[in-house]
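Listed below are the structures to be examined.
In the two complexes below, chain A is the common chain; its partner is chain B in one and chain C in the other.
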Partner chain A sequence: MLSFILRRLVSVAATFIIVSLIIFFMMHSIPGGPFDANDMPVSEAVRAKLMANLGLDQPLYVQYFRYMWGVLHFDFGVPYQSPGETVTQLLSRAWVPSLVLGGLGVLIGAPLGILLGMAAALNRNSWIDYLASTLATLGLTIPVFVTSMLLILVFAVWLNWLPASGWGKPERWILPIAAYALIPLATYARYTRSAMLDTLNRPFVTVLRAKGLTERRIVFQHVLRNSAIPLVTVFLPMFIGTATGSIFVEAMFRVPGLGAYFVSSIETRDYPLEMALMLMITFMYCIAYLLSDIVYALINPRIRVGGGQ
Partner chain B sequence: MKLFNKIVGTLAVATALTMPALAQTTIVAPGQSTTGTYMDYMKTVYDRATFAELLQVPIATFDKEFELTPMAAESWSQSEDGLTWTFKLRPGLVWSDGEPLTAEDYVFALQRAATGGYDFAWYWDFAGGIKGWKEVTEGTADVSTLGLKAVDDLTIEVTTVAPKPYLPSVTSLWYPVPKHVVDKLGDDWALNVDTVVSSGPFDLESWEKSNNSVVLTKSDTYTGPWQAQIDRLEVDPSLGAPEVGLPAFLAGDADYSFLNTGQVPVATQRYPDGIRKNAVFATSYISYDLDSAPFNDVNVRRAFYYAVNRAELTSTVLKDIAIPAGSILPPGYPGYNPDIAAEAVFDPEKAKQYMADAGFANGEGFPEIEIWYREEGGYNGAIIPAMAQYLQAQFKDVLGITMNIRVLPGADWMDGLRNKKNNIFIAPYEYDYLDPSNFYGIFYNGGRHGYHIPEYDALVAKADSESDWDTRYKLYAEAEQIMIDQGLIVPLVHPITIAVISDTLGGDASTPNKLGFTSLDRLGHYFFTHLTKQ
Partner chain C sequence: MPLVEIEDLKVSFSQYGGRVDAVRGVSFTVNEGESLGIVGESGSGKSVSCSALLRLLPATARVSAKAIRLDGIDVLKANKEDLVRLRGRAAAMIFQDPMTAFDPVFTIGHQIVETIQAHRQLSKRDALAEAEQLLLRVEIKNARDVLGYYPHQLSGGMLQRAMIAMALSCRPKVLIADEPTTALDVTIQAQILQLIKKVQAEFGMALIMITHDLGVIAETVDRVLVMYGGEVMEQGPVQQIFDAPQHDYTRTLLASLKTGFDPSADEDMTATPALELRGLSKVYRVGRRAGLFTNHSEFHAVRPVDIVVPRNRIVGLVGESGSGKTTTGMMAMRLTEPTGGQILVNGTDISTMGPAELKSFRRSMQIVFQDSYSALDPMMTLSQIIAEPLHIHGIGTAREQTEKALDWLERVGLPRNFGGRYSHELSGGQRQRVAIARALILGPTVLVADEPTSALDVTVKAQIIGLLKQLQAEMGLSMLFISHDLSTVKSLTDTVVVMYRGRVVEQAATQAIFSEPQHPYTRALLDAIPADNPANRRARSFLSADELEAATPRYTTVQTGLAPNATPQLISIAPDHRVEAIVTT
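Now for the complex of A and B:
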């Protein structure tokens, strides 16, 4: 197990370096720089001064090594968009709303989805099964900005129960979290249903039934545990996907989170922030998959990857 | 879930209990950009924090009828030779920290702008024509050679390279910078709520950098004209997108919202008295690379000029969001000449004739072209893509040519324009200061499009420095006639923005001007100080 984790950590580091190279050079190969989008261009002299201030007058490879050297020391530079703080400060500030939203969205949506999926699997072809399928299909096919709009329309505009958008007061969290929660809910409902059905048809369940175990024990102690593997596969990556902010949900509900920075850092050629965001996501996905693999092994000893002892 | 509800409920009650009972008037308004760096208009215009300009008092500004109104200045005068302007400041103006606001703060603002890499530096050369500006920004002359002087605490002297009869209107973008604070903190003074000081009608209460939203409060130290009539102004740029703004408006969370085309009918039906239109002083036009085929032929350019049915374009595809443009100047803008605008007619026969004269009868032999426009938000984002498709069909139909469309990010489009990487563009331009020289300057001596038309340049140069308004008006008309005869551009449309405002808003700023337009935050100083709320 330990050597497995070590090997995976080495591959995480390699992925990290390769991704950083690709992102860095792709980012700089996009035409234009941070001072080129304005209608009336700054003069050459002014531009040169601005570029030199940001170290952009250096050759690319020098810029890359400088940046990565900083990264090794947890210094991700100063975002061009917000010169009064470091990238780390910006992320720790803007990430909080995204984390609250995404985290609560997954933590609420996933259990609900699992329950719904279980109910559907145990009552196959009943109304609850159809309801679960319908919800799951809608949740996965309707874009989140449409569901956001519908939530606003119904709960803010028609019923006037909740504010349409904004942040800062807890009642303003409810609609965006609901919009967020729909995705894990739908995904989990589908995965759980099919995994459970699959497990329920396995011979060992028949054996358990023959041994006279109660249906409840069979489901909760055996079927659920054996159905958990595909759920683990989706859980952590999904958590990261939502916890790093959704551009759409955050924009629709005016949440001052991280989502918008993914777009604005590319638009404004905010290189330090763009790099930091990409590296952060890469790192988190690597760790998430590593953790998933470890959890697999814990749930099911047969999947000790690489044939561990 | 129950636990969650309990937590949320408890938090909500706690928040409600700790909120003081406020009897203040607060206006919640959409902002313009969700990113912003410095709360300092004189440091950066394009990347400034939301409404940084409302914190400071300009030398002069415009009211709803676009009349220039003195603000920090009490009066101004021009010297005999027309080269020197003297601005007299109003006594008693102070910074929000109690320090007096002096002529030095204005002079310092521009001196720093000239040397510090100000992204709006071109304005003071192009619009202001301040003596020595170019040399100082390019680093070839010392800042002390600038044509700017604080004669005493209340007197500013500005010297220009040529007579600039419209200089006072240029000063509507001249804000002071607190020298006493910058001396201590440098440019960083404008990065923190605690260190920002203001000289204008509003103070900064808070600033959420993640979406560039701000809360401004009525200043209690500002003694100049146009004091705020509301206590608080909350500006959230996320509300700037009509898709977010209108739902918030409908739910009572915002006091006004801009509308996209799809929303106009619904909003008009529900709030017939709340609809406000604004003629943005802007023009979308076609420009060319005059040096490369096929647009190096004036006949081709003339053909394009006559091939656009502007009335159909604005009454169908651009319904409610644009009006036909016959001139580079929008209607209502100083110097607008209806006779010039009337020349831009749709005349397919003439267009076909010009094509034939150029050797492309019925479009035969005409190369396939590609028109470039840039990705835009706001009103341009609603207009340009649809217009490009209309033009594509129209040119096929009238001229028999194939025109492809390409959309580019802003930086790439500018690069294409500046370095002549393509030969035909859709270009939008919005005014920077209220004088015809602004729009004619776009094509003057290279300018934005690399045009060099000696007769045009001579007329514009003469008009720019002419102090008699009627003569200027005539000279600009002659210059524009050259643009038409040479087919330098095809004026297409002027955008109109539509907003819906709450019936709780009142005051002069909430009603239309004589032309029927309401500028809303386009005239920020006027709007937010002449707005009341019940």
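Now for the complex of A and C:
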């Protein structure tokens, strides 16, 4: 097990380096630079001075190594669009709403989705099953900005129960989180339903019934455990993937999270911020896959215990 | 009062809006301690009847009966508590494929303990101790270790033993065995049957043996129920069914069990053999993780083997799963790349041919696989499937190709109008006919048939064997027939090659193998063939792998003319009879 984790850590590090290279050079290959804006033109001399100050006149590989050296020391540089603080400070400020929104969204959506998927699988071809399938399909096909607008229209405009946008107070959280939770809910409902149906159709379930076990024990001990094996591979990556913030939901409900910075950092060629955001996402995906591989190995005896006699 | 009483049982399934009758008015009883065999082919309703007895049918099934009683409980009216008492306690069941019958994420011990605790008030420690005792009763020697094993760590035979132990754990009054040996190797099959008989006697249980194999029936039961198309054709004492069958279907079944031996027409043996394998071997590199590094070791799937398939002959290649027989067949067709050795087809070495040269050579060598379902493309019509080889080799116009494919449909005994159908519309036997037509349409000289009948019902199997035999004679085919089923091999082949753990251990004319087997493994194989009549039941001796190793025959230098050698080698002991033996002084 330890060697398995070590091997995976090596591959995580490799992935991280490769992704950082790709992002860095793609980012710089986009035409234009941070001081090209038309609304605040600067003279050629000033711009050259600024570029030199920020090290942008150096060859790309030098810039890359300088930046990555900083990353190794947890120094992600200073954002060009907000020079009064470091990237780290900016992120830790803007990340909180995103984390609350994404985290609560998944924490609410995932269990509901799993329950819905279970109910659908156990009552196949009943109204629960059809409801679950409909919800799952809608959740996966309707873009999140459409559902966001519908939520605003119904609950804020027509019923006037909840504020349409903003953050700050808890009642303002409800609509964005609801909009956000729909994606994990739909995904997990679908995955859980098909994983449980697969398991329920396996011969050993008939054997368990023939042994005289109660249906409750069969479902909760045997079927769930077996269905969880394929589920963990999608569970954690999705969790962390969604917790990094949703550009659309944040924009629709004007949540002051990371989403806006994704867009602005690319638009204004804010290289340090853009790089930091991308590296953060890469890192979280790597860790999520590492963790889910470990959990997968832990709950699957074929991997944990190894081959035949 | 009988232990099991079923009267006028009817089961139908709803399917695509309609209903399909699976069981139409079946009645039978089983008394305490009695053993009943239910024999019939797939779809005859034999398993469905017994699943109905334990209410194990899916929700799509509609069940009605005048009475279904098990141990005094009305099964149709049983509530939750009754069901728990019925299942596992009144009746326990063992299933066909032990590899999929256990939950893969729990240990064997856990799953037996769970069964015990579902029915009896026992502490976990006592239940574990009992589970260990049960494993010992089913002749698992390292019972304590096996308790902690996961299903994937055990072989099929061991798992079926553990399954039997689990079934016994609540002292059921009747044991229902649903094709308990079908998924196992011949020698293991015989051991499991013997074990079921033994525990039935020890525990004084009744037994319901569901099978398609009359040999299994002849070996194990007192009374037989013959089913066909959801109805009981005939029932009676086992001896009577075998000696004086009343119903035509029973006679057909019995006829398929009788095997006639009919050697191929004589041919000039000095001619170049159709297929010759010289020192053909396959070695796989196996990676074993050790820390951060991987250690590679070698697994010899096939040690160098020499096999000759003479012109117009059928050579049987037998052995258990893992013996290397399929690998050998695949290498002979160059569908698996051999590690070493030569493959001569009609005298030409094809082992070093490049892709283009090999492609044109493939016209004379074809293969038929075991699973006809996955061997046929589900998106193609039958005439497209059969004509595809012509298309690949660019023979004739599209119209001629289709015409020829339809001719071949007829030749393998299917109507011409089947040409537009898809493979899922056919039965297993019909699909195998299509696979045979596809293999033979190019007029090959060599055919490798890899277990072509082992997925089929007995009567269908006999038909396919007949078809192969007929086509072989008509076309002058040379065939390598790979099988684990010795009775089929006996009725079809001219020569038999026995493989064991990647080596050829014996090789002789079919008659010689069956009348004078020399190698202990060949003898064990023959000993494992089920009796063809209950009067011929016999006690069998089973050898472990070590005992087999130790029982290798010995020949002196005087007999063989070879130098003494402590390692076993293939030696000729008679014309055309070779056996693996140790040469001593």
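The rule is short, and it goes like this: the second predicted complex is superposed on the first by the 299 of 309 C-alpha atoms of A that agree within 3 Å, B and C clash if a C-alpha of one lies under 4 Å from a C-alpha of the other, contacts with A are read in each partner's own complex, and residues count from 1 in each chain.
Basically, contacts are C-beta pairs under 8 Å (C-beta built on N, C-alpha and C of every residue); 3 or more make two chains touch, one makes a residue touch a chain.
Because the structure is predicted, anything quoted here is derived from the model rather than measured.
In the superposition on chain A, A:G212 makes contact with chain C only, while chain B stays out of contact range. In the superposition on chain A, A:N160 makes contact with chain B only, while chain C stays out of contact range. In the superposition on chain A, A:T268 contacts chain B only, with no contact to chain C.
Residue contacts after overlaying the shared chain place A:N300 against chain C, while chain B stays out of touching range. With both complexes placed on chain A, chain A has more residues touched by B than by the other of chain B and chain C.
By the touch criterion defined above, A:P230 lies against neither chain B nor chain C after alignment on the C-alpha atoms of chain A.
Judged by the document's definition of touching, no chain A residue lies at the interface with chain B and also at the interface with chain C. Of all residues in chain A, only 31-33, 35-46, 49-50, 53, 80-85, 90, 93-94, 97, 104, 108, 149, 152-153, 156-157, 160, 163-166, 169-171, 173-174, 251-252, 254, 256-257, 260-261, 264, 267-269 touch chain B in the complex they form. Every residue of chain A that touches chain C in the complex is listed here, in rising order: 3, 6-7, 202-204, 206-214, 217, 222, 225-226, 229, 299-302, 305, 307-309. In the complex of the two chains, the chain B residues touching chain A come out as 1, 4, 8, 11-12, 15, 34-35, 37-38, 46-47, 117-123, 126, 137-139, 188, 191-192, 208-211, 213, 236, 238-239, 241, 243-244, 247-248, 250-253, 409-412, 414-415, 418, 429, 448.
Chain C contributes residues 54, 56, 80, 83-89, 92-93, 95, 97, 100-106, 114-115, 118-119, 150, 152-155, 163, 166, 170, 289, 291-292 to its touches with chain A in the complex.
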